[in-house]
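Each of the two complexes below includes subunit A, the first together with subunit B, the second together with subunit C.
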Partner chain A sequence: MSESSIAKRAPIGWRLRSRSTPYVFLFPYVAINLVFFLLPLIYATVLAFYQTNGPARRAYVGWSNFTFVLKDADFHKALWNTTIFAIFSIGLQLPLSLGLAMLLNAKNDRFKGIFRLAIFAPNLVGQVFVGVIFSVLFTPRYGLFNRGLQALTGWGLEQQWLGDSKLVMPAIIIAAMWMYVGFNMIYFLAALQNVDQNLIEAAKIDGAGPGNIFLNVIVPAIAPVATFVVVTSTIGSYQLFELPYNMLKNNGGGYGPSNSGLTIVGYLYQNAFTNGDLGTGAAVGWLLTFIILIISLVQIRIVGSVGSEI
Partner chain B sequence: MKFPYGPAPLAILIIAVLTGIALAVWGPLSHAPDYRPPDLVLATFVPEQAEVYHNAIPEFEKQNNCKIEIELVDQNALQSRLQSALQVGADVPDMVELMYGTMGVFTKGPLEDVGLVDLTDKIKASGLYDRLVTNRLSKWSSRGHVFALPHDVHPVLLCYRRDLMEQLGIDINKLTTWEEFSRVGREVVKKTMRPDGVPEHYMIDMQSDGNDTLILLLLQHGVGLFDAAGNVTFDSPAALDVVCWYVKQVEGPTRISFPCGEGQNFAKAMIDGLCLFYFCPDWRANRIELEIPSLSGKLALMPMPAWEPGGLRTSTWGGAGLAFTKQCRNFDLAWKLAMYLYYDRAQLGPRYAVTHILPPLKSAWDLPQLSESSPFYSNQSLGKVYSAMAPFVPEEHDFAYNTIANGKLSEAFTNASYYYKVHGEDGLREYARAELKRCADHVRLVMARNVFLKPQPAQVSEASGK
Partner chain C sequence: MNSLQIFVLVLAALFILLLPFSRTIAFKYGRFVLLLFVGTVMLMPFVWLICSAFKSTDAMSQYSFLPPVSKISSETINLGNFHTLLAPESTVQGPVTFWRYLTNSLFLASTLTIVSLFFSSLGGYALAKHRFAGRNLFMIYMLASMTIPGVVLLAPNFAVIWRLGWMDTYKALIVPGAVGAFGIFLFRQAMLSVPNELIEAARIDGCSEFRIYLQLIMPLVRPMSGAFCLISFMGAWNAFLAPNIFLQSQSKLTLPVVLNQYMGTYVQHYGVFLAGTLLAMIPPAILFFSLQKEFISGLTSGAVKQ
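Take a look at the complex of A and B:
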């Protein structure tokens, strides 16, 4: 019996209810997105062309917010800091994550579960706590990091990691690495566990060494996951805020000496909420969206083409 | 009847309806039968103050047949929520204690948009101008209008390790100028240098990126981030002198300071005697006593060295002010409460005994509680030493761009500091001058963009009654 014949025979109320069912289920999602995503998005677009004094008072300023931000040395600094962070996040974190995933993927490891949990656990803590913890670890004279350096090398007891503009970004990168390596490792581990073992066996029979197997079998197999991890890590890096803000709370009011820990979102926060100019904040938000969009598209293209070539 | 969308949505719908009913019913039921809504709500961010007010309120309620509610709110939450609520006209407390440095946030726009009651006339009419340390009013003013009552004076003294001073043979009576202080500091660092190149003692705790300790030194030298008219002043010659001096104390071969930080690190540094001197406003003196009891009898207080012989030997750091929101339901009662909590001698004695915070009401400085000697501070009377400095605390002006100016000053300072580390003293002054100018110009540029706030210098002198 065909579906259409059932529909023809069913009462009209039932047919109406059947047709409306998907929309009823969709309604909460659509309503929430409309109220909390689409409307704010439209409002933020409008707001970017106004100067505001809090939410109540505003004045139309045209493109002035955008031109101010694009010319502002602090924005340039924030963009530079964020880009450096993103480059190191991808350049250091991802190979380390992949390496750890490969180690954990090794067979006959009784402690695999414990290691996996231990490496992933920092991600459960949250950026605010990691920021606070690392601000203590990097304390000159008393911090664990400095004590360790002194014990190992005889140097570093007085080193001001968070008080020296040249060392702020390395300190943030170290903290972020501790936090996110385990998170990305989980993705790589899942991808590695899905690599077809027959292909690896076949490559071995053909005389391929571990390097060849890694490059020609494993990398192509995990390329889609690697693309995803690279893109999400980049987006996450460009949205960095809580970690440096909490690490540097006592150094440069959350942005480090000479704004050495100022990120784009930190700059947005500074303008929108510290200075109370939501219009400039909205303009920064749109610029950030544009930057992330361009970088993500380029990355997807590059990583995608590399994956397909391999 | 069968629910058309299946059992799961039905269960969700039932839970939603039941929860809604429960909330609607629970609201009125949660209050006791004799519940009376408060006549006034006062929000504060300082736990110690909230405790003191809680103890004082019953008497006030009895005298005025009213109900007062004290709310303790985190400072950041208080500021951001109040700022948004005031601007959109949402519910706010009747009275709010604000933290120093935040007044500018609430007074950024046109005066008519400020959500706080203008207290200028009321203060004048009540005679408070003569009874308070008037310099403190500037902190709570904008364009000649006072928007909050000062809670404190917060004069700054130096707290020092008396026991170590005796061991090292330092005569504190000779430390009357920063120049001399610096010279002695270099000797201390040299004398206590360990074989690993790290000194056992530094002379003073100073933030390595400037910030609060740099600003309090600027204020002592007669210059702040802004002047009374709202002009950026941290690139003035006086500021340059302070920055160049400060740089040499935190960097290079002339370094005499260590950034001890806050909390546990600060406590550990004090216990270890890592630094001999610490900037110490009254609020910090109380905190040290509470948090590091093991140092009892080993500490003492002295006036800050001056910038020139016979110069000012104090500054100011921190503060709170009580503002009345325009939505205040009963301003007269609120004013009465403010006078009771802030400027009533009968209240101030017990309050001082708990907080050790000197009130700005000059007539309260002879209260017996302020004369009591403190065994913790080598039997000095904190009330006496702080009140001796209180009349001289410098004026400080708060503007909407305080945070950004603070950040830019710190940036100029950090760059100058790095220059000194690399190049030494050669060209330092010229470099620091250029950096201060560049950073101050940035703040001026940001301020000039504000279409809502244009400084009106003609009105400014009214703020401090001059």
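Take a look at the complex of A and C:
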């Protein structure tokens, strides 16, 4: 090792300084991590067993925060809404992202950069701003979405989206699709550009059709990126809050009529910060972590086994 | 049938007509039309937002985008929304204007970006180019910490910030966000490719470790720094949950929190908060267009092996 041989030749003071360097450079991370990650994480475990009224007052309640949440109809609603949202993110939005990436992944296209930018552009806007914009886009009669729908299909001008508890989740899914389809497309596009062109040429010479090439050459090649995108999308979907909370600001105070747009983080926010019970908030946080962990592990398992079969 | 539906039908008919002549040309045409459609749909809300910001409330309900040329006048198109938006509002802290919120957001986002750029790259350098006891264990800890969703920390962090006496201060937002595992890993990845010989040469010449980091390594990972700056700036600019929880004085609020408030205040005159949204989108857009290339390469560098 040349590094150590140089260290041996160097004077003692320099050597000590060099040895302590990584610790000094990593100190800010360690300090901040301890105070704002590890300590709160431990505290979250303690807090979950207390009922609090603001940060100052608390009383030990054992497991009753968890039993309360698990029996609470609002939590069931939130879990259901969030799961529906995650299913549509994975089942509808990701295939669309992949499809768009495949459309864009052509050689010698002058317009590629412009299309890529146009499709990616919504991602420059935060969830709050997207929420603000879509709260107006979905207005009956005047909203651009309603007018566009009317022009294309002849139906939908007067449709209440954010005021109808059945249509709140579809509206949120549509807004999220506009926002994130380009983001995931960038990942798929990068993966597609890394697919070995020789493999595709070889498959073509062997007489494979486009469907065959897609299943047997492209899918295995992009499987690692697809796993990454599926897992991160699920994790992101389960933490949905800012988009519906802002979109529904004037419909049910951020949660939609009869909580039709309530998400798990929304439920946490309600309990911890609107009602001031940080204990219940911590318990919901742990439940959500647990849900995300299990789903991610199952997904990695499934995609891993599919990948090994190919 | 309206003209839009006829237009769509004509486009589809053209594809079917082209198909028997040449499949290649037909598919090229189909691909272009599809992309054009998706691109238009994606950009439509932006065009609509720009038009809406300048429309009067009456014109807003009458026209989807801009009124026809004959109807354009100061009655329909004006700066009324901006006048309302930028007028000072009286608060407990005295009159506050929209510019104040814009400045707050700019200050917070740039401070967070600069601070986290410095600490993340410093940590990344230590992990990429230094050997020390427990390095692997440390990296496993960092990776594990990244898998814990941030929301679990929301309630306990509130208690920590409260106990520190940091409620209603920018410290509550800047310090916890000053450095994170994600940024450190991003920089570590980029710095691994810097040749060791270069660093050793600098050491032999008597360069201090900090100077090596600042003057040798940082210029070499400029693209990653660009990507990182954009990611952290946008994250801080768009942040809603933490500022909404920790900030209380009206004069300290950031744009996302204020726009959420305005949605309630101007429920009948949504042109006002749409104008605010438009203004709020300008700074990140400028940053994005100047750092676009770095951004996309930085985004995908973790997921795709080059």
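One rule holds in what follows: the second predicted complex is superposed on the first by the 297 of 310 C-alpha atoms of A that agree within 3 Å, B and C clash if a C-alpha of one lies under 4 Å from a C-alpha of the other, contacts with A are read in each partner's own complex, and residues count from 1 in each chain.
Please note the rule applied: a residue touches a chain if its C-beta (ideal position, glycine included) is under 8 Å from a C-beta of that chain, and two chains touch if they have at least 3 such contacts.
Just so it is clear, the model here is predicted, and its values are computed rather than measured.
Steric overlap between subunit B and subunit C is present once the structures are superposed on subunit A. After overlaying the two complexes on the shared chain, residue contacts for A:Pro257 are found with subunit B alone; subunit C is out of touch. Look at A:Val61: by the touch rule set out above, it reaches subunit B but stays clear of subunit C.
Look at A:Phe273: by the touch rule set out above, it reaches both subunit B and subunit C. Looking at the shared chain after the overlay, A:Tyr142 reaches both subunit B and subunit C. By the document's definition of touching, both partners, subunit B and subunit C, reach A:Thr21. Of the two partners, subunit B and subunit C, it is C that touches more residues of subunit A.
After overlaying the two complexes on the shared chain, residue contacts for A:Pro220 are found with neither subunit B nor subunit C. In the superposed model, A:Pro40 makes contact with subunit C only, not with subunit B. By the touch criterion defined above, A:Gly156 reaches neither subunit B nor subunit C.
Across the superposed pair, subunit B and subunit C both touch subunit A at residues 17, 21, 25, 55-56, 136, 141-142, 154, 250, 273.
Residues of subunit A touching subunit C in their complex: 2-3, 6, 17-19, 21-23, 25-26, 28-29, 32-33, 35-37, 39-41, 43-44, 47, 55-56, 100, 103-104, 106, 111, 114-115, 117-119, 121-122, 124-129, 132-137, 141-142, 144, 147-148, 151-152, 154, 178, 182, 186-187, 190-191, 194, 224-225, 228-229, 235, 238-239, 241-242, 245-246, 249-250, 265, 268-269, 272-273, 278-279, 281-282, 285-286, 288-289, 292-293, 296. Subunit A makes touch with subunit B in their complex at residues 17, 21, 24-25, 51, 53-57, 59, 61, 64, 68, 73-74, 136, 139-142, 150, 154, 157-158, 160, 163, 165-166, 250-253, 255, 257-259, 270, 273-277. Residues 2, 4-5, 8, 31-32, 34-35, 38-39, 41-46, 48-49, 52, 60-61, 64, 119, 122-123, 125-127, 130-132, 135, 138, 145, 147-160, 162-163, 175-176, 178-181, 184, 196, 200, 203-204, 208-209, 213, 234, 237-241, 245, 256, 259-260, 263-264, 267, 270, 273-274, 277, 280-281, 284-285, 288, 292, 296, 299-300, 303-306 of subunit C are the ones that touch subunit A when the two sit in their complex.
For subunit B in complex with subunit A, the touching residues are 4-5, 9, 80, 83-84, 86-89, 105, 108-110, 113, 196, 198, 208-209, 211, 258-259, 261-262, 264-265, 268-269, 274, 400-401, 403-404, 406-407, 410-411, 414-415, 418, 442, 446, 449-453.
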